[in-house]
Amino acid sequence: MDLSILWYLVPAALMFACGVYGFITRKNLIAILISLELMLNAADLNFVVFNRYLFPGQMEGMVFTLFAIAIAAAETALAIAIIINIYRAMGNIDIREITKMKF
Amino acid sequence: MFCNILIWFVIIPIVMMAGLGLCRGKSIGAIRAVMVVGSTALLGLAIWLCCEFLRLRGAGDASEMLFTGSWMWYAPFNIHLAVGVDGISVLMLLLSAVIVFAGTFASWKINPLPKNFFLWFCLLSTGVFGFFISIDIFTMFMFYEVALIPMYLLIGVWGTGRKEYSAMKLTLMLMGGSAFLMLGLLGIYWHSAPEGMPLTWNILEISHNSAIDPSWQNLLFCLTFVGFGVLGAMFPFHTWSPDGHACAPTAVSMLHAGVLMKLGGYGCFRIAIYLLPQAANELAWIFIILTGISIVYGAFSACVQTDLKYINAYSSVSHCGMVLFAILMLNTTAMTGAILQMLSHGLMTALFFALIGMIYGRTHTRDIRQMGGLMKIMPYLGVCYMIAGFASLGLPGLSGFVAEMTIFFGSFEDADLFHRCFVIAATCSIVITAVYILRVVGKLLLGPVQDDHHLALTDASWFERLSTVTLIVCIAGIGCFPNWINETIQFSFHPIIKAIEAAAL
Amino acid sequence: MDYSQFGAMRPELILLGIFLIVFLFDTFAGEKARKATTPLTLVLFGLGTVAMWILPDSFEGSVFGGMYVSTHTCVWIKNILNVGAFIVLLQSVKWIESPDDIVRKGEFYELLLVTLFGMYLMISARHFLLFVIGLEAASLPLAALAAFSKKKYESHEAAIKYIMTAVFSSAILMMGLSFVYGLSGGSLYFNDIALALASSSMSGLLLCALAFVLAGLGFKLSLVPFHLWTADVYQGAPTAVTSYLSVVSKGAAAFAFFVIFTQCFGAVYADAWEWMLYAVIIATITVGNLFAMRQKNMKRFMAFSSVSQAGYIMLGVIAGNAIGMASMLFYIFVYVVSNLGAFAVISSIENETGKLSMDDYRGLHKSNPWLSFAMTLAMFSLAGIPPFAGFFSKILIFTAATSTGSMALYMLVLIALINTIISLYYYLLVVKAMWISPDEPVIPAYRSACTERVALWLCVAGIVFFGLVSPIYQGIFNASVSDALAFFGMIH
Amino acid sequence: MGVTLPILILALPITMFLVLGLGGVKMPRKMAGVLGILGMGTTAVISYWVAFTYFFSGEAAYIVDGVRQQVQMFDVTWLAFTQSLVVKIGFLLDPISAMMLVVITTISFMVHLYSWGYMEHEPGFQRYYAFLSLFSFSMLGLVVATNIFQMYIFWELVGVSSYLLIGFFYKLPSAVSASKKAFIVTRFADLGFLIGILILSFYTDTFNFIDMTNNPQGVLASTGGATFMGASVLTWAMVLIFTGGMGKSAMMPLHIWLPDAMEGPTPVSALIHAATMVVAGVYLVARMFPVYLVVETSLVFVSVIGAITAFYAAVVACTQIDIKRVLAFSTISQIAFMMTSLGVAWPELHDGLGYMASMFHLFTHAMFKALLFLGAGALIHAVHSNNYTAMGGLRKYMPITHWTFLIGCLAIAGIWPFSGFFSKDEMLAAMFAQHWFWGAWMTMVAGLTAFYMFRLYYLIFWWEENPHYKEHKPHDAPWQMSVPLIFLAAVSCVAGFIPFGEFVTWNRAPYHIHIELPVAATSLTVAVLAIVLATVMYAKKNPIPTRLKDMMPGLWMAAHRRFYWDEIYMFVTHKIIFNGICRGIAWFDRHVIDATMDGFAKVAQKTSYAIRGLQSGNIQLYVLWYFAGAVLLAAITWICLL
């Protein structure tokens, strides 16, 4: 594959890494949700790029991306709903507090 | 299917379980009735089978297995419910029936939960009988595990002492053995037939194909022999036996030491040696060392025990070691001796444990230091115990002597120094056995009465007498007229020996 | 457009029908009539299940240009899941009907049916787009279900843990899929990918893709080390949901896993994912067992036991042939009844007394002999004790795993066998608590609800008969043999 | 005669055993006694008849031109080890077995009769008679064995009946331990016997006596010159088999059980531990004699052991206080005599006289030793003590016992014309024929015998009257006890004149006994001198013995404590084997093997506790593991594959 594709793949990989890093380090559930979005979008970006550079003839990657975005939206919605529940239940949304069940 | 007599050995216990299921937990009478009828039926069936078998042999039917039947079960893996018996299985069935019969009476007054006790008891016997009748490795293994698992509840619920620990230990160790066994059996199955022929679990077909190549045989032999050896209380896998026996209720000890430990020996040559003769020739020496150790080792450890059941558990280690030892000698005489030893050990250990249970039920202790002079107080039990003891130290006229002698003379046929040394070591065990048996008899039965509370104790009741007399009659029967057993199993070893010799070439 | 092809989607259509009826009824029926939701759902779903069993599965075929394919094995696994879901519904009734902490019981059924629908898609998908849709449809509503009992804090914690990990896993899965797409030659059809991989050479990207896809699916199967959410979620979620999670979604995921890795990655079986899976299986079985040993909370205990069971299920996948497929399906089936049997007892006791600790089960046989009897059978079956079904499913899956004849797999089976000893240990702990502990029972004698009893009887019947009645396995085997070419063409 | 009589000889006693053993508790004592005595009496009559026909009928079956034949009256298969190696139970009739039949049944009958009086007031009377019958059965089975394995079987059975009878008073700890000791020591010896049989049968592939003894060279040939540690395997086999004999016949160093065995009822000591069972070893060697002849080493072994034991026992006997122990040691010494004379009975010199002599002595010794024991029983019955310190001066209180006992003493001392003289004279002759040293040595032992027997005699019947007699006066025993005494005394007087050589010789051809004057003169002189010495020392109370004792206290003490053999054995068995090996192994089993098994469980528990931090409950860590797992999986596979 020619080099220029890497201009897109590497940032995508970085985005993904950032997402993972954010998930593991941030305390606020919302922030974590955002970093999850980052990861998902990195995947979408990959799809688009592969489609554009390797298989210009077709659209499957693009279509997949569209679906993926939709799914990501749904996930976010559901996650936020549950976060709200958590907030009602314990007054904050610090992920490190949510460790009642362990071992 | 139901016209095959062997199937009924499995059906009757199941029917008994059904009958027990119908009984109310409280109605002890009904439960006993079911058990007595069932176990008597089993005994009768076994005796009839034995006579029928001898008749057929007499009529010149020299085929390897009689009463064979085979019904497809899991077609994709060619798993059958295949049954058939040769002389050995017949004798084992007879032994099991006798001990189930005696055990029923030995646990006449079991509580709590007599119903559940007998339910598990019947499940156990189902497994035992199923194991001995089946000639298909899969079903054999299934029945094997069916026989193992009830031990957990039987010991755990109705046992004494550190029962939870012992029950768990026994179950896990035996299951550990069967884990190796299962892998070995799978290996045997996948190599059971040469290229292009259907794979099979059937023992006869596998040995007939003899398609397992040596490199695999050695591995599988170790797996299967260890697997069965654990149940055969082979050093160093014997430690479940003392604790397990010590904590088990009477009838369970009887059945376990009497029959279950025989599954090990039986499997060892029916599967490990018969199906993997080449490896048997090559690797026998390893296990001869181990079993040789367990013979002497068990006897020595028995000498210093103070708990009656521990003494018998260790002597079982020694005697069962003798069984495996003889099997590994790979010649007809020694193997015959092994079978005799299985029968004899089964009967006399069952008798031992029955008596210990009865004594324990009266004195509430099994520590020989706290008992003494019981012969005066309960002469019947005392005499029975002495008879059991004499059987175990190999007194002529009782079963133990015949078995041990056959084993020694058979083992001595292998004319190299290695075997000779181990045979001599094994013979030494008869002296050690005498030592610990007489020690127990001296401390327990003879001498002055230790504890005045014992003076009030009563002698055996009718059901106890029944169960002990049954066993004693069998012991003396084998001891006085041993040759019919040889005649029963004379054909049974030919295929095994032939396979071994063929492999040796 | 030819509509007859939709005949192949019979199961989905039936399920969709049931879902719509329940949904509309639940939405538009009045307060009074809404009481009938539960019986309605049960009856409809029961009928649907039976219908799918008895109708001949002659509708072989593909829909949406091959994105959706229905084969014998697909029908089998769907039926198995139906049975599981039905039993779950049965045993959840008492809980759902209990007045407190339930807002709208209809939602429970609807969400549950939707997830089941998603699983159908996962199973039948032969294109990653459809697969992902099915996967998300199957996993997202479960988060809502996990959060179902609003008054319980644990429920929310379980839900948040579930949803977060789920999204993370789907992100990883998508990443992996994107790599796959990159290597695939422009198509997300399984067959095309398989062909492309067969011709392409081994590369780091491919390994990365495999690992990520494995991780993504491993989340639903809760394979180690992707299992860490399991225990907490199982413990926190309502028991009905937990049992649903532990059997139905796991079964569906296992089948999908099998299809993807054999059919689509079959070409790189021997030199790539066999070894990944090998490591994962060992880790899964062992870690699951080690954790299960120390658990006191029954639901948590079952969670870890189900983790190690997942490892055994995977043995069928690593065999990678028709026997493996058949044994895995059979294993799932037996696992469904055994596990649900255990959960039926647990939930019944929880609904009655709210007790969940193993210590509360001490001396249970004195007060509730039948419950303890059923529990004992379930435990024996899970531990693989004959003559119960678990023994047969275990020995068959081991037979499958050794069928390839490679020494490595013999070693794997040996490790698995040694692990069965540990598992036997902790399953016996439950039996011990119920039968052997001398204490007086904590749980009073009571009579469980009729639906629970029906569920329990179904499970017990399954535990006792599935092994002894060989035609079940025979049927599964024939089905998987007939599908063998489609699945294993690339492996052997 | 057919097979009925032989079968009866074995069947009657065992039937008696079963009847008395099973039904004994139900039946009155008298009936049990009568049954036992009648049963034994019948057996005795039948045996006499069988022996008589064998020796005197002159039928061709039994004697062919002067040579007595070995006849297997019957021989039925009992257990087949292999096609050729078959254990049979049979009835072998030949000179020695016929002779033994007579001896055993006579003594046994006498003892049965005697016990009726002696045991009258003991509890377990029926059990006692049952055990006596069992013993008689086993002993008869032993002597008529057609093959060595049958002999081994009955060998074990006599061992166990001896165990039961020694431990008859099972409430006495001493009796219990004595019986245990007897059984275990003999069992240990039987181990040698068994291994010997194993070796022998492995090479010869037969158990049958006739096959082996008629063709000893063939036996030697069958071993094919195999050797083990320098000695030929046949030597090993025969020595090991002789070990069994050493055990039963209480040869050094396996003699320690016999003195303790005196804990049993005195009639039992008379029957088992004086007359019959303890000579089984001699009988065994005699039975296998031709095979011993082809391996001279083993024969030398036999005679050496015999010579040492004879002397040792005689010395110890001089210092015992318990009269039964004196008799026990004299038994050991006398049996050793027989052994030695078997060992020196080489056909080339004095054509195997030793064999005949030792059988002859076996016969006479059985009679007079039984007599002595029964007399001792009468004494104990009278004074209720085993020690001569409680006796003395009894001659006027118990005349019958006194005279019979005196006859016994004279017989054993070898004074003409009592039976002991003749047999002992033949033995000494045989020994002198072998080598002058043997002769001298054994003559000395004979002297010692005369000395300690008369020491015993004087201390019991003369010395000084014991003061206790005032309060209760000892008296002669009832007729059931006196009759046997008198009968045996009579036999001891006349048995010497039996032309024994006509009946029993090593090659079963007749041998004409002739007194060898020099030997006879020597032995007689020595015996007389010894008796005179005894008379001087013990005839009436005097300080000489004490002074002698004080002169060499160490020696006296050593001899009195039987040269500390028991202590040595105690040390070895208890300290080393029991406390060392057994406890060691038991400890090892619990703390090493068992601990390992439990160790697996512990390890699993500990691991599961150690890794519980994995489930920290924190999603972020979960996810970290998740991601790390995925990446590692890829990385490791990468490393492994590419």
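By written order: A, B, C and D. Residues from 1 in each chain.
Keep this in mind: contacts are C-beta pairs under 8 Å (C-beta built on N, C-alpha and C of every residue); 3 or more make two chains touch, one makes a residue touch a chain.
Predicted, not measured: the structure shown is a model, and the values here were computed from it.
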Going by C-alpha centres, which chain would you call the most central? B
Averaging only over C-alpha atoms, locate the centres of chain C and chain D and give their separation in whole Å. 78
Report the inter-chain centroid distance for chain B and chain D in whole angstrom, where each centroid is the mean of the CA atoms. 37
Could you put a whole-Å number on the gap between the CA centroids of chain B and chain C? 42
Whole-Å gap between the CA centroids of chain A and chain D: 97
Provide the list of chain B residues touching at least two other chains, using ranges where the numbers run on. 172
Can you list the residues of chain A that touch 2 or more other chains? 23, 98, 100-103
Touching two or more other chains - residue numbers and ranges from chain C: 160-161, 164, 168, 172, 231-232, 294, 425
Taking all chains into account, which pairs touch? A-C, A-D, B-C, B-D, C-D
Taking the complex as given, what residues does chain D use to touch chain C? 601, 604-605, 607-609, 611-612, 614-615, 617, 619, 621-623, 625-631, 633-634, 636-638, 640-642
So, in the complex, the side of chain D touching chain B is made of residues 25, 77-82, 85, 149, 153-154, 156-157, 160, 167, 170-171, 173, 176-177, 180, 183-184, 187-188, 191, 194-195, 198, 201-202, 578, 581-583, 585-586, 589, 593-594, 596-598, 601
Taking the complex as given, what residues does chain D use to touch chain A? 612, 615-620, 623-624, 627
In the complex with chain D, residue positions of chain C that touch it: 160-161, 164-165, 168-169, 172, 202, 204, 207-208, 210-212, 214-215, 219, 224-226, 228-229, 231-232, 271-272, 275-276, 279-280, 287, 290-291, 293-294, 422, 425
Residue numbers on chain B that touch chain D, as the complex places them: 169, 172-173, 235-236, 238-240, 297, 300-301, 303-305, 332-333, 373, 375-376, 379, 390, 393-397, 401-402, 405-406, 408-410, 412-413, 415, 423-424, 427-428, 430-431, 434-435, 438-439, 442, 445-448, 482-483, 486
